[in-house]
Amino acid sequence: MTLVLLLLIPFLAALLVLICKQPQRAVRVAMTAGALEIAAIANAVWRIGFEGVLEFGRYLRADGLTAFFLLNIGVILALVLAYSIGYLRHIPAGRFSSPRWFYSLTFLFVFTMIAVFLSANLGMLWICVESTTLASALLVGFYNTKGAVEAGWKYLVVCTVGIAFALFGTIALYLAAVKSGVNPASALDWAALMSAAPSLGATSNLVKLSFVFVVVGYGTKIGFVPMHSWLPDAHAEAPTPISAMLSAVLLNCALYALLRFDTITSHAIGSGFSHSLLLIFGCLSVAVAALLMVVQRDLKRLLAYSSIEHMGIAAIGIGIGGPLGLFGALLHTFNHSVAKSLMFFTAGYVRENFGTLRMRRIHGMARTLPWTSAGLVVGSIAIAGLPPFGLFISEFMILTAAFSTSRYLIALLLMVALSVVFGALLHHFQRMLAGKRVDLPEKPKLLPTDFALMGVCMAILIVLGIHIPSAFAGILQRALVVLQ
Amino acid sequence: MGLIELAAAKALASSAVFLFITLLMMAAAKRISTCIVLFSIQSAIMAAEILGMAYAGKSVAAYAVAALVITVKVIAIPYALFRIVKDLKASQDVSSSTTGAQSVFIMAGLILLSFFAVAPYAITLRLDEDLLAAAVALLLAGAFLMVSRKKALMQVIGLLVLENGIFVAALTTTYGMPLVIEIGIFFDLLMGVFLMGLFVFRIRDTFEHLDVSKLRRLRG
Amino acid sequence: MNLAINLIQALLLIAIAPLVSGIIARSKAQMQNRRGASLWRPYAELLKLFRKQDLVPDTASALFRFAPVILFAATATAAAFVPVLHPSALFDVSGDIILFVYLLAIGRFFLMLGAMDGGSSFGGLGASREALVSALAEAPLLLALISVAILSHTVSLSGIVLATVRQDPLHLSAVYAFALGALVLVAIAETGRIPVDNPSTHLELTMIHEAMVLEYSGPSLALIEWASAMKLTLILALLTGIFAPWGMATNASIAALFLAPLVFAVKLALLAAVIAVIESSIAKLRIYLIPDFLGMASALAILAVAFTALMR
Amino acid sequence: MMQIIFNSFLVVLLIIPAVTLVCRRGRRVRFAPSLLLLLVCVAGAIVAAFSFWRGDRLAVDLSWATPFPFALSVDRLSAFFLLLICAVGAPVTLFSISYVERHYSQGKADWLWALLPLFVLSMALVVTASTAFAFLCGWELMTLFSAALILIDGDSERRRHNIFIYLLMMHAGAAAVIASFFLFLPHANGLDFAAMRGAAAAMPTGMRTAIFLLSFIGFGTKAGIVPFHLWLPKAHPIAPSPVSALMSAVMLKTAIYGFVRFTFDFLGGGPIWWGYLVLLAGAISGLLGILYALTEHDLKRILAYHSVENIGIIYLGLGTALVFMANNSPAWAAVALVAALLHSLNHALFKSLLFLGAGAVSEATHTIDIEQMGGLLKRMKLTGIVFLIGCCSIIGLPLFNGFVSEWMIFRSFIEGSQLQGISSSIVLPLMAGVLALIGGLAAACFAKIFGVAFLGRARSPQAEQATEVARPMQSAMALLAASCVVIGILPGLVVNPLAVLANDLMHTPVLPEGAFSISRTLPWIAACAAFLMIVIAGLRRITRITPTWACGLPALDSRMQYSAAAFSKPLRTVFARVYKADRTVDVQYAQPPYFAKSVSYCSVRTTSFERSLYRPAVNGIVNIATRLRKLQTGNMQVYLLYIFLALIALLVFMRFA
């Protein structure tokens, strides 16, 4: 029953927000719906903690892995909604762009993402991932500017094509399952496939074919390097709360889908094949993204490439496997989502006050926007993977895993890339932060919610950096059990 | 009755050939409207195949899926595309980056390639080889159309051909996927096309042209 | 008893320093067919200077007056390490080669500072040239001493002298030749004799040591003169000790004790005469040729050290 | 008892930043954070001294809190370096109580008092860590806090560029250190030092060499060895004086600690070429450090280059120890190690003294360029004397602490001649020549600094009106100077416990007898020199103050004195090839071509590692990145093409894999 509630609230909220006319009421409805949704997520995670697996009918299922990713979307949803209060004050009026439309599309987007996490059936999983693309395409093109429309169009077409390949992969897996004796009715159910996995060995080359298509398909949504080209445009042109949602949750959602397939294939034909593919894409993404970050000119594009790089690191973590590698990878996705949303919020404030995101034109930020630049500095130190913050812990884990399985080249590449990223971030931000006070057209005013927002992000990062709370570690352990 | 089943199976095999023909014609097509017509023919052939399989396999679900394909893919989408073409008064030219002859040769190459690609799987899985080959051919053709054609509408048609390919792949499994999933996928593709249509209008408003290759502002 | 001999030995070195510079001056005069001043003139000069007033420039700080004192004290302490009459000097501790070299370095450093405190350009001129010479002279001096020390398996000056005394004179190795060459060149540079620096002129182009002490007068000048004379004596005693130690009193018998000083005096006089001959026969080098002069010394020293391993 | 003090030492360091924020306002309470930090440093010094002399082990385990094992344990080696940190930290804090007061506004001072204790804590963390995670946390935090402290002084374009290079190189060095830690993983079961120590013996030689090289590069970058020294002359001079004193004196030593911990404690020595590599690096660093220092006339840049030189001397000591271990004579290896560790302590003391002196001078004359100073010894008596003691120690003159460690390094060089192989019995004694040359050049360089800055005539109005600095600053410097002289005269205090420490590391029972003979004779020599000086100084002499003799000219002015550039000119011509300086001399003629009105001379050193080594590397990365950027063409068809190519590539890979 909790699962249905999880889905129902955002769907109803999307409709309700459309109905109420004035923006004030829409915002209030949206906030209450958001709060309800977060409560439902908390309740669901709590229940999963006790009962292990929740099921509802044939198509909704939630286990340890889902609980972890639900927690992720819950935290980010709270942050984004808090941020959007301040953000909506100055959305340029446009045919579709009013708070009503913004919130309804956002809740639709949340609905589709939660559906992805809850779907028990791989076909259903594909449908929900495709619908996330559709829901977010409108949000990316929300502002009707030339850049936004172009980014939205490219995002829609490239992701749909990519996802089509994932569908082909799902069908191939279905074919392999049916051929090796799984009863067709439940051949796409994840649980059934997991139990029948050893028998899938018979049609091993079909399973390999399916995993290749799935990696390319969902890889496009995750933003692995050869298929990443849509990501910088989409994340840079989307409204800030949405680019935070895209970077922090949508990429994790696609990674979740890939993880589901990876568990099946590694149980069926051993993890050698799938993990080597993940390692290839991971290393490629880390290397190319790190290099591209050096020559970026726009702040949001820089953050988008950093998302590609961190997804690459997570893929390397999964590719190395083992308890430490997987734990590090999952922890890395969570840390990255919090740090990246903090960075996008500060980018949003910079955009509001400086009017531009071109890093060459922004100077004297430290003195004009002290609190925003503090957030930016903390975020960039976290993203560069330096000690006091959580990302250092997860990168430390992944490196330990890499070294203990004596994969020296990958570890070397990872460290070189981290240094290049550190250099790039330092190079860009030290030019933006330093310099004399710039007198802005209108006085920069940060709402109390914005302070709270940045404070919460920093607190999460530092807490995860020093000591992982036992409850959170428990959720992570349960997610690992599912993956093992 | 065995004769009729045999006839149905034969019809299924020959239909793959018709699919190949529509692909070749689509490659040679110069105007968008011809591509739309060819697309609807292709979907009609696919619907016939589903009916043949439904008749052979006697599964009610297949009939429902066939009816869905006919209403949406043969009638609704081509009609919508024609209306968009008329509304936008956009030039009908396909503006392909490869000449007609080159396109046809490439399309033929892709069809042959799909046969080789499918060979190892068809034998082990005792599947209907040419149907699986048709699926892969449609997939590769859709991809080729999207890469080579510059017009936004042709991107949409390329995507639809690609999805047809996946649909045919689903058909090669004896009774197709569970109905709910089939309908879900269908509905998603429909939504996808609808949104692309919306974006085509948006591009029209903001850029005053429909040539996708000119959308090059976001670089680096 | 031993301590007494050593103490006398150190005081002897300090006392006869002016005599050595007197001998050199006298033999140079003889070389130039002049009668030259008496051997004891340097002592008279020191007495005269000690009675004079000490002129201190107005810009100078306290360091100006303390520098000569430190210079003299350091050089005197260094005297305690050099064995003259008896193979074991006052302080005979392993590793005093380095200590001996660095004690001389203290004196040089403070003299340079004292010179710069005068506030005139001569002080800076002398100090900067002295810096050049001392920086390049320290390495060959130390390497030469180390090569001899390695050969005689000890690390103290007295140990070296003891080893060479016991060694039969015919068993000479190439190391001694190179080390002698290096030490002679460094000795000339350190004590500021002709090819490197001309002690008797006040010509801006050539003087190094003289430029530094231009501002000094009275007792301070006396201390400096005595200290530089003492450094000359120390190095000559070192050369005789290491390369010609025969005649030193190996046992404490009365005869040996009387014979040793005589032999030492003769050797010292001979060396002083040799220096005088060198000084009056060679012209002074240009400042920028000094590095090559000291480069030659370093090369010899390096060869000496290398040959200690090769000859084994 | 010691354990309680040690725990409180760590905790108080953590809460001082909070204390600074709390009592920013109160007049009376304003000095609370600084006095607290002073107290903590003294307590830390006491704990470290006890643990260093008595050898009792302290341990703190926080693994329950942190995701990875995080434990601190103080053995003799850690205690020695902790003593070094606190022994320098206390006077620096004392100095900065009044220095910060004058130099910085209230806001900046609060920042400095908040960050300084954290900086000291991170260094203490590095030296006492007993697990890799704790070590690396301390290591990265140390860099971050030092960068933040540098930023307090302002953020002009040049400073930002220097900090950028500093942070980038520290990060690259840290990556190498992390790699060298993790290379233990396949063999050691955990990442704590005990497991690593156990696993090191069993590892294949290839792995040990990889770990050695990585730790050499990683710690070499932080220590400032020549190829990686680029950041040192850029970062130290722009930091506030107390901070650059701490960085130069103590932060470089944490790198030495790391290197010693890795090569001697974990790996326990290796093939002989390790020793030669370290010797070579030490020699080059020593020589280049000095030669570059000769050309500078910014006081803090000179001292920064001298840090490179002294680190070179320490690496010479370590290299000799490695050579001895390779020739399995551990007794003399222990002596060389004692020499290197003693020189790190000595360097910490006199370098912090010199930097504080530079701070005091810059505070009094508002400039740091020695060409503008002159005659400061008269105007700032105590600072002058204290700076002179610092100069004498750094040159290594007897009766000062620099000499003791250099003597021991010389002693182990000479002992090197007794080794069997022809090569090592030549290399080590020749290194003595290099060290002597370094000593000679150092004497010339510091004669220049002290002569030009403190003696002669004041060269600028500010130098004219310079007055002595405040009392706490003087007492801090006096404290350090006293410690230099005490160690110089009674080295036994530090040498004996260090000998015990070296024995532990080298597992040798006792040290060779002749090794430390110097520590017995130095007091005697000091007594004898003092006696002579008193006797001579006792001669009452009438002194008369007269104007300097100016060859009959009316009066000398300050421009007639030798400037720093002129002083080092002869040496610079000798080493011209090292500098490849491009000289510009332009003459304004009152009436050409005879009567020149003014001649201006400027010679700039053209050789620099930045241009020949680092610039090409950075440009390489940027070129690759710009080419990669072109892949993002903006044309959607090309993006789709990428996806299909990726798919086809994978299918082909699958076919053949």
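Here the chain labels run A, B, C and D in written order, and each chain numbers its own residues starting at 1.
Here is the rule we use: a contact is a pair of C-beta atoms (placed from the backbone, for glycine too) under 8 Å apart; a residue touches a chain by one contact, two chains touch by 3 or more.
In this text the structure is predicted, and so the values were computed from the model without any measurement.
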| item | value |
| --- | --- |
| Reference subunit A; chain at largest CA-centroid distance | C |
| Mean-CA-position distance for subunit D and subunit C (Å) | 36 |
| Cα-centroid distance, subunit B relative to subunit C, in whole angstrom | 103 |
| Subunit A-subunit B separation of Cα centroids, rounded to whole Å | 32 |
| Separation of subunit A from subunit D, taking each centre as the mean of its C-alpha atoms, in whole Å | 45 |
| Where subunit A touches two or more other chains, by residue | 153-154, 157, 161, 209, 232, 295 |
| Sequence positions of subunit D contacting 2 or more other chains | 629, 632, 636, 640, 651 |
| For subunit C, residues contacting two or more additional chains | none |
| Pairs of chains, among all present, that meet the touch criterion | A-B, A-D, B-D, C-D |
| Residue numbers on subunit A that touch subunit D, as the complex places them | 153-154, 157-158, 161-162, 165, 208-209, 212-213, 215-216, 219-220, 226-227, 229-230, 232, 273, 276-277, 288, 291-292, 294-295, 366, 381, 384, 386-388, 392-393, 396-397, 399-400, 402-404, 406, 408, 411-412, 415-416, 418-420, 422-423, 426-427, 430-431, 433-435, 466-468 |
| Touching residues on subunit B, where the partner in the complex is subunit D | 97, 117, 143, 146-148, 150, 155, 212-213, 215-220 |
| Touching residues on subunit A, where the partner in the complex is subunit B | 59, 121, 123-124, 126-127, 130-131, 134, 137-138, 141, 144-147, 149-154, 156-157, 160-161, 164, 167-168, 171-172, 174-175, 178-179, 184-185, 188, 203, 205-206, 209, 232-233, 236-237, 295-297, 301 |
| In the complex with subunit B, residue positions of subunit D that touch it | 629, 632-637, 640-641, 644, 651 |
| Complex contact set, residues of subunit C against subunit D | 50, 53-63, 65-66, 69-70, 72-74, 76-77, 80, 91, 93-96, 98-99, 101-103, 105-106, 108-109, 112-113, 116-121, 123-125, 127-129, 131-132, 134-143, 146-147, 149-150, 155, 214-215, 218-219, 223, 287-288, 291, 298, 301-302, 305-306, 308-310, 312 |
